[in-house]
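For reference, the structures are reproduced in the following blocks.
In what comes next, subunit A is part of two complexes: it sits with subunit B in the first one and with subunit C in the second one.
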Partner chain A sequence: MGVCIEFQDVSYAYPLTRKAAVRHLNCQLETGKCYGVIGPNAGGKTTFCNLMRGLCPNFYGGILKGNVLVNGKNLLEWEEEELSVQIGYVFQDPFAQVSGIKETVFEEIGMGMENLGVEAEEMIKRIVEIAKMVHVDTLLQKNPLALSGGQCQRVAFASILALNSDIIVIDEPTSQLDPEASNDVFEIIDLLKKQGKTVIIAEHKVDLLAEYCDEIIAIADGSIIAQGSAREVFADPVLREKGVRIPQVVSLALEMEEAGTPFCRMPITMEETIRMLKEKKEGK
Partner chain B sequence: MAIEVKNITFSYPNSQVTAVENVSMTIEKGERVAIIGQNGAGKSTTVKIMNNIYKPTKGTVTVDGINTKNKTTAQIAPHVGYVFQNPNDQIFNDDVTKEIDYVLRYWKLSEEEIKRRREEAIDVTGIRPYLEMHPFDIPLPIRKFLTIAVVVAVSPDYVILDEPTAGQDLWGCAQLRTVMDYLQSKGKAVLTISHDMEYVAENFDRIIVMAHKNIIADGKTKEILYRPDILKEAHVKPPLSAQIAQAIGIRTKVLNLKELTAAIS
Partner chain C sequence: MTDREFIESFRHYQKKGNWWCDFHPIAKLVFCLAFGFMSLIVFKWQAGLAIFILAGIIAIFTPARKTYFITLGVMFVVGCLFTVVVRLYVHMGDPGPVAFYLFGKAVPKAAVISCLDLIFMIEGFLGIFMTFFLTTEMRDLCYSFEQIGMSPSATFMVLSTFSGIASIKEKLNSVRESQRARGIETEGSLIVKIKSVLPVLFPVIISSMTGVEDRTLAMDARAFAANGKHTALRKVAPAKPVEKLIAVLALIICVAGSIAGRIYL
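And now, the complex of A and B:
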């Protein structure tokens, strides 16, 4: 599979700050894979996402060192309009993303397409389709500014999905959502994956990431401290050293190990854990 | 001493549907209570009525025996503090210390008292490294602690936190425990809305379950989290440890990984 995003020794500092937000990032993201970005707050997750989308340095300014390549082309050589179509970006704060100039959710979801000059008929069809997919179809006539946190987060998500980008970067899509709605978001992410999209999600809900992501990238203190499959990364003691949240089932496995009854291998999902525990019980 | 909510009903202005219907509850001073339930169940609306941000369409709210009906939000806020779900809804100063001092200055407290309260609030919420930053430059999850610091400085007897664990990392969750222990040591009641059942199981003795605009259960944490019928109705899943325990046939009511490990071993 091809590489769609590559970081080559990337360091970046926001304007008026002395300390770089991220330092010497090296990684390759492959087309069609789903990546979970984890780590403590203020550790560099959002900056990592901002760099892919070019918001650092194009919007924020600041100093960028090293190269970020998007589909093989240097970030700084991309036209902003082109990049915004290549990479859809869902903001951490949905209220910051909603335009504030559209009077209905319907128009809000359509705004990106409107700017791209999508035909009206096609646009309406896509808005209705996507609204159903993220369960905001009953909100289409509402004012985007009158939504609850959870509703707003879905609308922000919908307006990015409407752009049909090949790469989708999502910064904490579920922070305002209840568990059921969080699961819905991950089902949508799964659907995007099946459509061949590359998805990058920064999240604290590591239990869900472990289940859905192909790879996990752990960032702390501005550096990538681990990258690999969920099983490899979550078992890595460096995560616990740096205060990075690990899935509960991994914590359980560690507790069991301490209690002298270890699992034969590290479980990653709840179903797997239950199966392993049942086997253990029968084996006794 | 308590907040007593009696049969309140509320609809938002220009809305045909009610957001909460006939809700009643009592929160005693010093208690730790969690409100759980799906998005849209009426949780935030209910607590905003307790803080007198909204007036109920029907029913009454009394705070330590005082009916909030003829009081302003500013008159109730010193007794019932509310930390918004979204910190940006709450912050309006361009400086961290100004934000914390604002109400204290409005009350014309002495400089000495303002400083004492501010310093204590900063320490309890762990925001000292961010004092020099513009409030809106502080990372969002930490910005939430600034809004918590404001309420800590105001020092109301009843503190309401709306989804405090949303977006928090391990540091944030540990800091939140520090805040809650501090508030309890001062005899305050803490009422929290949360979707995070691990946090609820670890930190609260009592749970109020809301679904379709009403309270469907109110009881001890251990009992509520082992009532599948109630949880199903509220679209809530119990903590992972409880789910695993039930799936593998453990009969004791475990609520965290330590208890689960002990039960397995």
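And now, the complex of A and C:
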């Protein structure tokens, strides 16, 4: 798989701050993979996402050191409008993503395509497809501002998917959603994975990340402290040292290990844990 | 409307099935601007009344007739009557031919005519613009302007300003609901309502302004800055020749009527 985003010794400080929000970031993100970005609050997750999307420094200003390469081209060489098509960005607050000028969900989803000059018939076709995909096909006539948090987040996803970006960055999409709506969001992420999109999702719900992501990037105090498969990263003791949340099943496995009854390998999902516990009980 | 019908509606020109609502937005704006400004320029009750009647006739034949007459009625009672009372009070006892006596004092004819001029100027101006705003979708007007070369950024500014007003109103309502939940009186007389709204008005406006950054990012995420031609989902029918003719006639009437009105009335 090719590398779509690469951080080369990247440090970034927001304007009017002395301390860098992120320091010496080095990582490569491969095309078609789903990456989970975890870490404590104010650890640098959102800045990491903003750097990929070019909002830092293009929108926020500040000082950027090192190189962020998007599809092999330096971030600063990309035209902003090109970058907005290359990388879709779903923000934390679902209501902040509503344009406010469209009166129906149907038109809201189509807005990005209008900006790209897509012909009306093609827009209608894509909106209908995407609306079905993210289960907002029953909301098409509703006002986007009158939706619930979960519905609004789905519409935000649909609006970004309509742009057909190959890379999708999602910043804490479930922070304002109930568990059911959070699961819905991850179902959409799963669909994106199946479509071969590169998904980068910053999130606190580590149990869901462990289930859906190919790789986890742990960020704390502005630095990447671990990167690798979910199993490797969640088992890494540095996460506990830095106060990074780990899945409940990993905590259980670690406690069992301390109690002298370890699993044969670290489970990372509930199903896996149940299966391994059954095997353990049966003495396999 | 079913979802299928709704989706299908985007494949055709947007129609509401009413001649005035479906009038081309720019032609309609020109028509209303012409008569609205004529009412202002002439500033005589005869011209104002004529425009007011014209607006009323148009409104009767639209689905917005109820809102039109209620709103205009409220404006008339609150605004115009207040102006009349003040004007008559100020001019009571002035020299000149007497129209009638009020509380034992003479009210001159000139004061009554001046009141009528003001009332019908306001009613004519508001009336004709209400027939425009109550029957025209801003998005269609903006799209029509985009078609004749206005930039998408400018149309976005217009639309977001209108939606910003609606969002401030919505926020005010939520704050009032919260206040009510905390036991603060928000219902009752006009003074009680004003008292409940005034303390939160400024913070609500400021909080709406802080949403600008979010809005900018949201627009950026939708490739708003993308180069090239923007397209539109909603289709607005081009202006028919008769609509163009009506708009041009309105302009001619405005110019001629304004000159004649200033000279002869």
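One rule holds in what follows: the second predicted complex is superposed on the first by the 283 of 284 C-alpha atoms of A that agree within 3 Å, B and C clash if a C-alpha of one lies under 4 Å from a C-alpha of the other, contacts with A are read in each partner's own complex, and residues count from 1 in each chain.
Convention: a residue touches a chain if its C-beta (ideal position, glycine included) is under 8 Å from a C-beta of that chain, and two chains touch if they have at least 3 such contacts.
A quick note: this is a predicted structure, and the numbers were derived from the prediction, not measured.
When both complexes are superposed on subunit A, subunit B and subunit C end up clashing with one another.
Legend: residue contacts after superposition of the two complexes on their common chain; A:Asp137 is shown touching subunit C, with no touch to subunit B. Applying the stated contact rule after C-alpha superposition, one finds that A:Lys281 touches subunit B and leaves subunit C untouched.
Shared-chain residue A:Leu116: touches subunit C; no touch with subunit B. In the superposition on chain A, A:Glu81 makes contact with subunit C only, while subunit B stays out of contact range. In the superposition on chain A, contact of A:Ser99 is made with subunit C only, not with subunit B. Using the contact criterion defined above for the overlaid structures, shared-chain residue A:Glu107 touches subunit C, although it does not reach subunit B. Touching of subunit A by both subunit B and subunit C, each in its own complex, is seen for residues 93. Residues of subunit C that touch subunit A in their complex: 1, 3, 6-7, 10-11, 139, 152, 156, 159-160, 163-164, 167, 170, 211, 214-235. Contact residues on subunit B toward subunit A in their complex (touch as defined above): 38-40, 44, 85-86, 88, 139-142, 163, 166-172, 195, 197-198, 235-237, 240-241, 243-244, 247-248, 257-258, 260-262, 264-265. Considering their complex, residues 39-42, 46, 92-93, 95, 148-151, 172, 175-181, 204, 207, 243-245, 248-249, 251-252, 255-256, 259-261, 270, 273-274, 277-278, 281 of subunit A touch subunit B.
Those residues of subunit A whose C-beta lies close enough to touch subunit C in the complex are 55, 59, 80-81, 84-85, 88-91, 93, 96-104, 106-107, 110-121, 123-124, 128, 137-138, 140-141, 145, 159-160, 163.
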